[in-house]
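Here is the structure we will look at, set down as structure tokens.
Each chain carries a letter (A, B, C, D and E) given by its place in the written order, and its residues are counted from 1.
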């Protein structure tokens, strides 16, 4: 009689794994990356490579310091790539490298690595760079010129000089801005791919973009301009859907999207920055633990929806 | 009215008392381990801060300013606040022992909570009216509670996290606070 | 034995890194080394004086109202420092802003008064106060040094440049709140890392 | 539009029903059978025979005085070799009677009764005497289930033919080959309970079975019975999900389906009831799907108590290096470590090779929320898993850990391959232990 | 100057009177003995006393002095100290230690895959050890010990007798109930817990107790008895002579090491380490 393996049920597992999801995200980012390189030239490629390498290297070193095994699961690559995509095309490479290193070291590894971070590492990297080198982070190059002619982003133009950019340019990406944020169409292709594969939930991007559109419309702004301009698409499809830092319930994801949408509009209209996608997601990341705690699905056979369940009896 | 809204938004978001002014850090790190106690502490601070703003304002305006005793504001304020907090402490201890237990040693520390003293001083410095002071005090309390709640949520989740040994407990709390402060920079430069 | 009372504040029970007291001024004024020095001198004066006075009167103060009494004593010294600095270093006074009067609610001072001075002898309290303030000073100046270096791209104390500008684009973030939290986090993690390594051996 | 109603969550594992097209074959009579005295929920039976005694196929050899219990019968004719402790396929050690076959195939039958004239008491006694238990896997004595407690009114009977588990085709084949017996069985259940509404729920991936059953219902001419096409989704066959889908009722947390007036029975149970009543046959054989990595997967009509290895042998033996032998389906089944005998509720023997048996490496949870999305109960498995691991059982109760029915959907979808079900089970056990 | 004095004076009087009044009105009685007792208690919050934390025990002790016997963790000095605070005198307290009653020698009956804790493994087909009573070796007891007195090396457990205070936290954690709390004076113990018949035990475990009664015959004081197929030592009668140990053919009875430098409570077992982790 052979020695058999005994393990608890279930005895079959789905073939979806962390690696598979991560590499699908990378594939979904290819159109965006290609657009970035096409519009802003070869320097962009260096920025992307620098970010990815720096992210991988930092993760390796940090895990070694922590005495853990380095696993090539693709998450560091995504962090590096996403960070690169939300940086200005002309950013000095050393800044990009520091940003990626900061993102991985403090936003990810300090919390215990993949799965434990509170904030989206790529966005922390971007926020860190914005706070550290505001000038470099707001120096935009003109698309398709391949030399550093500085211009303003569509949102900047709109905020400072009240000039609206044509929709077609916003959709195709023929405007200045961060590497990966300009072409709404390319992002949409990747996003739809991920939604179709069911790796991301459609609720987040839809509620996020929807909120921005509705709120912009309600406040007398051009909703289409507001959803196409800036990094809203990139944020909505790739950052606000990051598993680790967003709510785990479907309703929670809708709340997340709505909250982020409101913050984006508030920052764009009265804030100190022309764009607020990065900060809006970071702020909602901070709210995520609270959302997770209080927004729970209704349990089968349990009538009442109970909010504030566990804190009810702790006061006394 | 416009003015009050500006004060409120300023105190809650733009110049958040914890994340931007560095006031009240001891309870921010001390009581943020559980959401429930964070909520309790937060409400205590909101209450004390509002009342302290309301009490210190007349004393400053009608007692210290007319007699040119501005230099004594530190002493006066702290005495007023200390007395007031001690009263609150006694009340909670008597009627809400559970809450008292949860807040532990931090309730007496509200006395020395620089946030409350700081708000009183800021009110004096900015020259707010009575209503302005109260709104400022209340909003600062809300800002404090908001930051505390977010922090407690984060730390509750971190209990499951596989934080490296050298970052466990306080260091990771500081890192979280740093990242939270980074996120709160969203509101810097906000104008109404 | 007595030396222990002095040195424990500096290392073993450093008020900032081990007791985690007095964070507010530490983070708020540590943007520049000179601010940090001014702050720690103020704390030094207030801590030493109040510790000595409180331990002198420890038997006279009724226990029910001890905290208000301590606070009044501390507040008086803070007012002295405030007025003194206003007169002799108006620029520094300006920069420290409300954090100077807020020394009164610095947890270190009240904490030492409550935990130490109200129980121990005058001389012990004095040593404790000196040790604690030196510990505070080392910590705050250390943090300030890190932050100023990274945010200005050079190392300088007052106007003496120690290391000339090494980068043209320093990180602005280090002067901002996130930088402050981050600096102290990294320093604490490093201390912990060393402690763990030591224990492991 | 009832067709599109469904329950929350659920998963779509590959259905792997490789034996769906294979007719039921009669298995060889084994040399030895082991009749376990505890094959059901409730009190174990006491042996009625002694070592060395001769028994006939169908002879009652174990019974209990307890109400919640069912007798056991010898499934072959032969000699009682020993009565000893045996490993049961559900992981317990119970008393068992080993019978050696004498090849004479003598059988004992009860008299057939006519349900039209017989009293309810008579029918219930017959069902009990025939040793019928829930054949879907729960093994709850059917006579007990058909006697609802005082004050509980049953208004609907649902026959569970969904067979949502991958690999298993026993019920599917039964519905194809003996639909009339099943429909007659439902008729008996409805008569006993005085119910005039009955549903037969079948997943819509078994179109042929739906057709056959509809024809059989028409032939029977009972207007109260409706064949209900269910959306193919796991765990459709779980009672709660089935009731939700068919009737849109929910069993309140902590209560039974009879509390909301519903009785759920498996199709195989209905067929067994038919046999016991119309033919007087006790429950001594059932259809078992032997599938997975065996040379020739088959649907076998087997004698209860046949050792697993005999059945695997009959299907040509292992295809490759065997890793796991699972009693039941791939989602809920229990992995065996020895040559255990089948029991009444064994519907499937699944053999997996060593490669498929390996548990994938566990990674950190990335909070993807897939487990929350698929949980048919609406729990948050990832949180339960973390809390159970941290031994924070009181908080587990806040998250309704006891409502988990361990369907395994969460562990199936988890991209980090965390053994969520086992951790939840562990939490539940600890909570029960503490009470 | 005058104003300052007056203002401060008035404020002082107002607040002083207010506080004095309030403190009288809102007085809450706190027994300071609770604080002092809490300080003396070990602070492991092990829960062995039936209270969730040491402080709760202290509060209970003030009301009912004899509850102090519930604390198994505190040492002689602090125990006397607490008695002093309470003003009572109690006799010498019992001191106990935990011992793991399994040699971990049973053969495996299958390859287990799943969550690597004893409690979870015990739920899968009754555990992967052929012996139903065998240690599963994932160290739930080690994690449960509030005083880090247990150590796991491979499949064997070592109790640090200097740290162990017999609080029983590990007893609760072991799904097999293998851990026995015995008097600290114990010199030998039976390292098996299986009530199975000797035939069954011998087949699956080289070091299990088969209930042969050789030890019973060897003992002069009748301190060791075979009950329910397992030898049990009555530590009230045992003088630690070791006769039973020599009589046992299977090495089931082993000495408890009390030497300061010996951490092991169990001697080395010849079986090689199988899997760990």
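Just so it is clear, a residue touches a chain if its C-beta (ideal position, glycine included) is under 8 Å from a C-beta of that chain, and two chains touch if they have at least 3 such contacts.
None of the values given here were measured: they were computed from a predicted structure.
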item	value
Omitting chain D while every other chain stays put - resulting connected groups	one piece
Farthest-lying chain, centroid of Cα atoms versus that of chain C	D
Contact-richer chain pair [B-E vs A-C]	B-E
Chain located farthest away, centre of chain B as origin (C-alpha)	D
Chain nearest the overall Cα centroid	A
Centroid distance [mean C-alpha coordinates] between chain D and chain A, Å	47
Distance between the centres, which are taken as Cα means, of chain E and chain D, whole angstrom	44
Centroid distance [mean C-alpha coordinates] between chain C and chain B, Å	21
Intercentroid distance (Cα basis), chain B paired with chain A, Å	32
Multi-chain contact sites of chain C, meaning residues that touch two or more partners	68, 173, 176, 178, 182, 189
Contacts with 2+ other chains: residues of chain A	4-8, 106, 110, 112-113, 116, 128, 131, 292, 310
For chain D, residues that touch 2 or more chains besides their own	334-338, 358-359, 364, 419, 422, 425
Residues on chain B engaged by chain E in the complex (per definition of touch)	59, 63-64, 67-69, 72, 75-76, 79-80, 83, 86-87, 90-91, 93-94, 97
Of chain A, residues touching chain C in the complex	95, 106, 110, 128, 131-134, 136
Footprint of chain B on chain A - complex, ascending	65-66, 106-107, 109-113, 116, 118-119, 124, 127-128, 130-131, 263, 266-267, 270-273, 276, 279-280, 282-283, 285-290, 292-293, 310-311, 314-316
Footprint of chain B on chain E - complex, ascending	3-4, 7-8, 11-12, 15, 18-19, 22-23, 26, 28
Touching residues on chain C, where the partner in the complex is chain A	169, 171-174, 176, 178, 182, 189
